[in-house]
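Given below, in the form of structure tokens, are the structures.
There are two complexes below, and they share chain A, which is joined by chain B in the first and by chain C in the second.
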Partner chain A sequence: MKKFTELVTPFASVAEDENLPGQDLSWLKTMRDKALTQFNEYGLPSKKVENWKYTSLWELTQQSFNHQALAVTVSQQECQGIALLDDAYRVVIIDGVFDAELSQLDNLQVGVTIRPFSQSLDTVEQQLGQQVSMDKVGLTALNTLLMKEGVMVHVSAKTMVKKPIELLVIQSGTTDNLATHLRNMIMLDHDATATVVEHYVGLSDLSCFTNVVSEVVLADNAELFHYKLQKESKNAIHIATLAAKQAAGSQWHTNNISLGAKLVRNDVHSLLEGEKSHTTMDGLYLLNDAQHIDNHTRIDHLVPNTTSNELYKGVLDDKSHGVFNGKVIVHKDAQKTDSKEYNHNLLLSRDCEIDTKPEMEIYADDVKCGHGSTVGQLDKDQLFFLRARGLDEVSARSLLTHAFAVEVLDRIPNDTIRKAMSIVIEQQLPTGER
Partner chain B sequence: MAEQKQQIEEFVPSEYSAGFVTDIESDSLPPGLSEDVVRQISAIKGEPEFLLEWRLKAYRHWLTLETPEWAHVTYPEIDYQAISYYSAPKQKTDGPKSLDEVDPELLRTYEKLGVPLEERARLAGVAVDAVFDSVSVANTFQDKLAEEGILFMPFSKAVKEHPELLKKYLGSVVSYRDNYYTALNSAVFSDGSFVYIPKGVRCPMELSTYFRINAANTGQFERTLIIADDDAYVSYLEGCTAPMRDENQLHAAVVELVALERAEIKYSTVQNWYPGDENGVGGIYNFVTKRAVCRGESSKVSWTQVETGSAITWKYPSVILQGDNSIGEFYSVAVTNNMQQADTGTKMIHLGKNTSSTIISKGISAGRSQNAYRGLVRVGPNADNARNYTECDSLLMGDTSAAHTFPYIEVKNPTAQVEHEASTSKISEDQLFYCKQRGMDTEDAVSMIVNGFCKQVIHQLPMEFAVEAQNLLGLSLEGSVG
Partner chain C sequence: MLEIKNLYASVDGKDILKGINLTVNAGEVHAIMGPNGAGKSTLSNVLAGRDGYEITQGEVIYKGDNLLELKAEERAQRGIFLAFQYPVEIPGVSNVYLLKAALNAVRTYQGLEELDAIDFLSLVREKMQLVKMDEEFLYRGVNEGFSGGEKKRNEILQMALLEPSLAILDETDSGLDIDALKTVSDGVNELRSKERSIVMITHYQRLLDYIVPDFVHVLSDGKIVKSGDKELSKELELKGYSWLHSEGPAA
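== the complex of A and B ==
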């Protein structure tokens, strides 16, 4: 593996050359300088770092990346085909560049601001970088150093956004080894409600590297339904950090669906800072070929009377490798915490591997915390039941696999989104042919 | 640091005059650790060349290692040069002359635990021969074991009488290279127990009573090796329910179990070393490496542990399920109170086909203590139809204690079935109220509820120990509620 210092230099020089937004802003410059220092210090995490025990970023060190994308056009029609939702506010980013033509941001509801990140630096000054840490692992520092585009969503107090907001990130595959560093800021004022879908799509099999950081700020009683659908190219490296700070009574419902990319790492983190706040962390990963996915989640219960509910499910086929690490921390004095955390995995092939670790750290006594984790295969009795009713082996297996995966989707309350997601997943689910 | 040590050693002559032996036999080695000390220990014990070589290899490897820091425990750095690595067995005259001279607090504890009178004296370190003749009792046991061909003796005796067995099995389960403390133990281990059960023999008694009478003061770096040959069975009990006052701060023991074809080993531990006072002053650091290998087909190893003592417990009794159809079990109760810290659990490594393992872990934390379960279940690519069931429950008492769970699950075979379940809750107010309403005092009520919580594990202990363990649980949690 190359030494970290060798890696820092190309990225750092990019920071010099590139036309990064906000170079005239002194606070942002300070932030980027700090990021450079941190990245220099920690570099990319090696497998010796406990949180990266099962995932190697070796691939990332083996290639050099382009930071400037070639011009590309995607037609309105194509875009419609790719988008998950028809009736939605939409921000389209192609190869790391905001596309105003394809985005649908006309007639925004009163109290709702949706803008590309590069054009909203003034509004994010207070919150930018507050939800994530640049410590220890250099990836967030790298993102901070090079962040260029993304989406900024702001919802004013007591506003309910009527349409879902879709962030459509397209990797067109025109530029080989393109690296994009996206930063999304989603801020809801008190009693606001919104639905955001982050949708990552790859149009070719070219390799690319996406490093995205999404920060969520929920004020008192705000509620955010936050979905992520990742369907990047089979040669992509996708690294994502999703972090939220939650004030009293706020609710954050996440559903993290990973289908694409060769190497995926998701870090999902919620900080329950206000009483009666709640987090739902759901996720589904369907893997085949030599895909590698690593989901690391962390929920911090910092004050009394907070709740969390987590369900991650995985279906692994071929030579794929899945990693799940869920950490629930109940801090001192966070009494009456109620936390449930589950991870279930279905293994379909001899060559796949799953490493799962549902962790709990509990420093308060009056709490209800449970976690569970299973690894297994399709139930023989259930298969027999279906076969006895005339289904052939293949259909029976397909049906059971589908039933296993769909439990995660069933937890999405919005009909339109659930149906749209179901259709996408249907295509990816392995058939029962063995 | 290691480099510096090596440099120093170059200047210190490694020759060692034999005359020194008689000198220290009545005393202990001066504090400090060097290749010389390792040679001295080996010389005192009159060990064969291969064992000395092995010790030296371990010592040299130890120099290259760094203290592990991944466990969820904190403690001041240990100065390995400040420890004396050998002390001759304590003289009988050192102890108090009769029970009247013993600390009354200790006596009260014995009474609560129901330790037999004559044993109380021995545990408190009263000159044993004056109280009752332990030697004859021990001899009766020994005769019976010899009849069956069972070897059960101190390690140092086994070295002299059965070097071929040692050569074959020592370090075959826990290599000296395994971790920091195994390297240290392998270099300086003082003594321990050796058990060999011949083919087809079912050991007629729990190897506990004998141990309790004979093997006290084996020192802080013990080593236990148990081999159950084909179709053999043995149940081994280590430790003692009564609190052992011990001066040694650091205990780094190694236990190796080998189960051959269809053999079964049941290993039970009740650990109640001095936990330090309520402010966390003093207490034992218990850093133990325990591992078993089910080498033969259909073999079985079962670990049962009740951990109530020690300032810091850091141990993971593990089973390598190598033989097809082999079975591993781990039953654990870990109680921490005051400032105690426990990071304990197990590893089940499934390699053979149709192997199965069960893990039941109960953690109870009170006071300002930290109690962590850390476990690994690994299913290798060839372990078809492997089956694991894990359950780890934590009970919290008081809002200053903490409970943690770190279960690692690694599966590389699609026919494996692995289940992990964990829960954390506090002691139920309703249950407490119910008991108190029926006239029980708080302490008895807590003790009863805790015992109910741990029943699954306590049931695995041999009868007479189960009773003592139950009392011990109540005793460890005294004053933690109310």
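== the complex of A and C ==
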């Protein structure tokens, strides 16, 4: 195994060599210097850290990654086929590089700014890095050190963005072991409303490493519908940190759908800082083969009268391994908190494994909180019922699996997005065929 | 239609059916009565093809085929319908989806084209009137939150739509109040025909006042111990199942 210092050095030298954006900005240079110090201090998390108990990043230390992609072209037609939504503003990033040709940013609605991250650094100084912490776990520090591209969305006060915004991140599979460090900033001013889809797609089975940090800032009464669909290469390592700060009356509805990659870690965090703010935090993971997914979520209720509702569901087949750790913290002042947190899992094989732990830490005394998790198999009586109505066993199993998963999709209020997601899910649903 | 010959079946090594003989011809309605634990539900499950039963002896011939060789879905596609004693709830699968999938499975086997959405809906609406079901039930999860009576009506709706050759009604009367019993029975009576055979399994004579059988059989300890016409069921109602034992088995 490579030594820790050996590992840090290549990343550090990448930071030296790379033509990273914003080198003329002193505040950013300071931030990157700090990130390097932090990453040197903490490195990648090991399994000794409680939050990383079930997920090993050992594999990341076993290969050297390319940080520069070979040139690649994806045609307009191909891109249309890959995109989730037809009628949307679209930012396309291929192998870590913004593609202006394929992006659709013409005729932006008044009050809406959508730009590649590399071209918007002058506007994010106040908010960049404010939602995430570089302490303890080195991944955010690594991202900060090497972040190059992503999307910046800003919506002015009282603006309702009419079209959804799709961030389409494509791994073309041209460059082996490509590492991309993406940073997204989504900022809504007061009373603004927007829908953002983060869509990660792999076009080949090549191995690669995506390390993405998305920050969400919601001012008073802002409302963000936020979806993430991850369908990366089946040899990809996908690490994502997603964090939101919510002011009074703001609403964040996030739905995290994970289908691809061999090793996935999602850290999703919401900070309910303003009264009457609300988070819906949903997720769905469909795993087969030897896929590993670790979803760590955290919701902090910091002030009175905030609400949260969390539902994560998983379908596991073959030798896959799922981890769910959801933490809801109701702080001392957060009276009248109303919080629900559930994780349900359907296991289709004998060899898969799920480690689930919904947690609540409650320091206020007048709250309404519920949490729980279940692990189960397909119901024999339901299977027999369907077969006795003429459905063959494979159809019956997939119908019941779909019925289990669809609850998460049903919570998506936007018809177009729900239908598009449903089509993707139906193609990916594990069948548990023996 | 159906010929059961000397059928023995066991569950977990315990013998439940101990030599059943029964012939059901096209157009006939047979009632099988018997006390708890006689093997009534085992018989219906074995006929429908549920896993977990071991056939130790005997055979079942359905329309000339060896029924016990067929999978549950193959039996359904060939026209066997089991109306469940306890219909399961399936949240996440809408009733209309189930009805369509079931009908298409049967039609595909019969070499017919799948119905398009409009023809399918008008057919379902027609059948729903038979069991007095409201259209909103189509769009709810299968049996999800249905009352006992609604679940049984939903079973008869499925039967009406699938038009089976052989319907096995497993305690369709259980859990029904008088009004629901009448609705369900009217639905079944509508479906009686020269081509269709019905086997009703029940504890009580009450159902037979509404759906009058051609034959009544008494099942006790895994065997048919007495057969007759509907008068037999009335005699049973008066004297109770213990009467059979005091008289001694017919054999």
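To be clear about the criterion, the second predicted complex is superposed on the first by the 432 of 434 C-alpha atoms of A that agree within 3 Å, B and C clash if a C-alpha of one lies under 4 Å from a C-alpha of the other, contacts with A are read in each partner's own complex, and residues count from 1 in each chain.
In this section, a contact is a pair of C-beta atoms (placed from the backbone, for glycine too) under 8 Å apart; a residue touches a chain by one contact, two chains touch by 3 or more.
A quick note: this is a predicted structure, and the numbers were derived from the prediction, not measured.
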### Summary
Max touched-residue count on chain A (chain B vs chain C) belongs to chain B
### Message
If we overlay the two complexes on their shared chain A, which of chain B and chain C does A:156 touch? Say first, second, both or neither.
### Response
neither
### Message
Which partner chains sit in contact with A:407 here, chain B, chain C, both or neither? Use first/second/both/neither.
### Response
second
### Task
Classify the contacts of A:358 with the two partner chains as first (chain B alone), second (chain C alone), both, or neither.
first
### Query
Taking the superposition as given, does A:399 touch the first partner, chain B, the second, chain C, both, or neither?
second
### Message
Between chain B and chain C, whom does A:387 touch in the aligned arrangement: first, second, both, or neither?
### Response
second
### Task
Using the superposition on chain A described above, determine whether A:370 touches chain B (first), chain C (second), both, or neither.
first
### Query
Intersection of chain A residues contacting chain B with those contacting chain C?
none
### Message
Quick check on the complex: what are the chain C residues that touch chain A?
### Response
48-51, 71-73, 75-77, 81-82, 84, 87-88, 90-93, 97-98, 101-102, 105-106, 109, 141, 158, 162
### Task
Under the touch definition given earlier, write down the residues of chain A that touch chain B in their complex.
50, 332-333, 335, 345, 347-377
### Message
Using the touch definition from the top, list the residues of chain B that touch chain A in their complex.
### Response
70, 72, 379, 381, 394, 396-426
### Message
With touch defined as at the start, can you tell me which chain A residues reach chain C in the complex?
### Response
379-382, 384-393, 395-396, 399-400, 402-404, 406-407
